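Multiple structures follow.
Consider the two complexes below, in which subunit A is the common component and subunit B and subunit C are the respective partners.
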Partner chain A sequence: MKQALIRYLPLVLLALAWEAVARFELVSRLALPTLTDVAVAWFDLLRSGELLTNAADSVYRGAVGLLLAVVLGGLAGVFMAFSRAVNVLLGPLVELFYPVPKSALIPITVFWLGFGDGSKILLIFLGCMLPVTIGAYNGARSTDQALLWSARSMGAGRLRVVWDVVVPSALPELLNGIRTAIALSFVLLVLSELIASRKGLGFMIGLFGSGGVYDAMFATVLTVALLGFVADRSFQLVMRRALAWQG
Partner chain B sequence: MARVAGSTALTAPVQASSLATRVIHYASRVAARSFTIVVLLLVWEALAHSGVVSRFMLPPLPSVIVRIIEQLGSGEFFVEAGRTLSRALAGFAVAGLAGTVLGMLMVRNAAARWFFEPVISVGFPMPKVAFLPIFILWFGVYDLSKITMIIVDAVFPVITATIVGLQGVEREIVWSARNMGATERQVLWQVMLPAALPQILTGLQVALPIAIIIAIATEMLMGGVGLGGAMLEASRSADSASVFAGLVETTAVGYAAIKAMALVRRRLLSWHQETQRSTGF
Partner chain C sequence: MGQAQIVIDQVSHCYRPQRGREVLALDKVALDVREREFVALLGPSGCGKSTLLYLIGGFLPVESGRILVDGAPVAQPGPDRGIVFQHFALFPWKTVRGNVLYGLERAGMPQRERQRRAQQFIDLVGLSGFEDSYPSHLSGGMKQRAALARTLAFDPKILLMDEPFGALDSQTRSLMQGELLTIWQGSPKTVIFVTHDVQEAVYLAERVVVMSARPGHIKAVIDTKFDKGETDILKSKSFIEKVDEIWHLVRVEAIAAQGDRLS
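== the complex of A and B ==
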């Protein structure tokens, strides 16, 4: 407990410094509302339900897009490592789309699917797929040949080998790829909601910002930051669980 | 100190194959690798003409190519790419320098480590772009807020890579340098940093695409001359050929930047064993 306090004391100090700078108006209140005002605004947003409904919209978009990226991207990576034909077919596409700056896809997904959920889900799927694919590919490629041979010699079919041998040995790199994808999904979600959306947390931030309601804007920004932090930390827990057998 | 004479380059075994078989081999490789991309382009063209999707959603390929050539010919592309890259590289340079220095400081100084460690472990996984409207509020909609956003986003991977790199330096090397009378400063600059360089460069290689992604995104949000700003303008006026041209152009710029960075890495690490080995993606 005491250790945790010492460890996170710098964050507390930063929060106090924020409060002091804003309270004594070392900078204009307009540029920096006090932390207490931001906290009050946060509870108001929570009570009105505004925060929860918009957060639910954002989480839905992010979760569906990520799920598609992880399932399809992971499958593509494993099969690219396992099958020469799949590699020849998909490898050039991965190389072609890898250097696309993901934010450049935002106007195109809006062209295709409009301002709603669909364009965000597609954007997150397209943007987050490649880190997963590359993680799965590099991981699966490093599978020990001897394990593959012994599995085959003991009569395992091709799919059985993929599921029981290739996927477990690809897991560490695959999970790292997914972790990158989670971070990227938040970036793309917030950007696309700021640029082209009518709901979601990113939309709220933009709306409060242009309306000059800065305490509510700071409250929403901190909410998004907290969500991203919690998502990463929980995934790290999952990773540790999933890789516990490695010792 | 004297240079070690002679080279350690490994000469690849010369393959005894005739020119003709090598040409055929090379051609078939190129054909196999470009197959999917050709199919993709054909499907695009077929879809654009089929009427299944509108011209607005998928402009025909030739119209996109013509637009790219126009923008190259008028010099528009070079102006926009120059502005976007200059912002991205300015932010990248500051982030690279500040990240390396901060990482070094955190490894060597306990107080700095105590203060920055929680800030970085909480800040790294946060979606920093959410702070963009705050930077707009503080710094306006011009280059200052854009570059600040790029720095804040790109600095974290550099800091963590520098820390991991410096902490991973083998103690024996440091000990023997000290033993031979190297000062602390010499140990840092001539032993620790070169040994940590591969990791630091990896951090920079993560940071560069981030800088470009954020540069384009900030232009889309705030406007301004640049590739992202041009895509925003084009999408507002429903000029989809220009939007797709923008996607191709930003990808080309991103590709060139990634390749240039890989080249810098090979140059700086020409002494390192990894340069001899080949890597995946």
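== the complex of A and C ==
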């Protein structure tokens, strides 16, 4: 309890500083509404249902995109590590695509799939796949040969060994890749909703911003921050559980 | 003298590193191993003794010559040949029990039967109470006990051991040697035991195969049958003489191997 208090103390201090700066108008109220006003706006948004429906839209887009990225990206990485042909086929694509800022793909995904869920899901999938692929690839490549041989000598077939030995060997790096992907998914989600969407948290931020409803805008930004924080923390818990054997 | 269970016939093996010249690791090795025989492959590091073991295990392809196990050429790894590695090769994400169960699951043994059997072998190697520990929480000796239990549990006819006690401290090592011998005497299996420790080879094996420095071939095969049950066998005259005799054979090869590395 005391530890948690110390840990979150900077957040409390920041909140107090925010309130003080805004209340005493050290900066213009227009630039920074008071935290209490933001909180009131947040409850209003919550009560009207606006926040929840838009958050649900965003979470849906993010979750589906991420899920696709994790499954397909993970598979691609593992098979790149173990099949020369797959490596030759995908390796150069990964290298070429890696440094591309995925936000540059927003107009393309919108052009292809329109303003709805599809374009967001595609963008998040494309953007989040590579960290997962690279994590899975590096993890799988570090698989101990003796473990592979042990499993084979105990009667596991070639494909079975991938699931039983390669995937768990790759897990620490794979999970780190997924964690990066989760953070990235929030960036891409909000950005794409800001630019080309008619719903979602990013859309709300843009709408309130351009409409001058700044307390609501800040409330939505804080909601996104909270969601990101919760997602990362929960995933860290999952990681700690899944890697408990590392001792 | 029974019929040979493992026939190694004119086997050569070349490593082709991605860069650099290819290395001839084994040169026309021929050896027969009888059922339930305990054979040690002894030689300096780099003599190809582990390579030979991996070929028998089916982990490396036999490209030149042939290896037969029970009359059939070795094509791939299989549960008739269990292996124990120097660095244990336990699945770190599985508990001791999970590791021991793995081979039994692959064999399709019914749930209750495999739980019972796993426990039996965990008890055999003296790991009772550590069933739910992960390998990262075990000492080196305990890890190797777990690995041994895992391999013995699925009952391979042939036990391939790749310097299994090489990573252990000397007390643990001699303890494990004694226990392996007891286990083997209790239910004899064919064992091929790779080591560079002469005393270990003479103590454990019925025959010691001395291999030459690279390219590895068989230099001598020496009978080392003693009454292993005898207490203080390590101090007996015949044992010491045997170790001495083999040590002289190996020494020359060790020196040659070193020269090879320096050149």
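Operating definition for what follows: the second predicted complex is superposed on the first by the 246 of 247 C-alpha atoms of A that agree within 3 Å, B and C clash if a C-alpha of one lies under 4 Å from a C-alpha of the other, contacts with A are read in each partner's own complex, and residues count from 1 in each chain.
Operating definition for what follows: contacts are C-beta pairs under 8 Å (C-beta built on N, C-alpha and C of every residue); 3 or more make two chains touch, one makes a residue touch a chain.
All values derive from a computational prediction rather than experimental measurement.
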Contact breadth on subunit A, by residue count: subunit C or subunit B: B
Subunit B versus subunit C as contact partner of A:Leu26, first or second or both or neither: neither
Partner chain(s) touched by A:Val165 [first = subunit B, second = subunit C, both, neither]: second
Touched partner set for A:Val238, first subunit B, second subunit C, both or neither: neither
Subunit B versus subunit C as contact partner of A:Ser150, first or second or both or neither: second
Which of subunit B and subunit C A:Ile106 touches, first, second, both or neither: first
Partner chain in contact with A:Ile195 - subunit B first, subunit C second, else both or neither: first
Which of subunit B and subunit C A:Pro10 touches, first, second, both or neither: first
First (subunit B), second (subunit C), both or neither touched by A:Tyr98: first
For the subunit C and subunit A complex, residues of the former touching the latter: 54, 57-59, 76-79, 81-83, 85, 87, 89, 91-94, 102-103, 106-107, 134-137, 150, 154, 156
Contact set on subunit B toward subunit A in their complex: 32-37, 40, 56-57, 114-119, 122, 125-134, 136-138, 209, 212-214, 216-217, 220-221, 227-228, 231-232, 234-235, 240, 243-244, 246-247, 250-251, 253-255, 258, 280-281
Contacting residues of subunit A [partner subunit C, same complex]: 144, 146-147, 149-156, 160, 164-165, 168, 171, 244-247
Complex interface listing, subunit A residues touching subunit B: 6-8, 10-11, 14, 31, 88-96, 98-108, 110-112, 134, 137-138, 141, 183, 186-187, 189-191, 194-195, 201-202, 205-206, 208-209, 214, 217-218, 221, 224-226, 228-229, 231-233
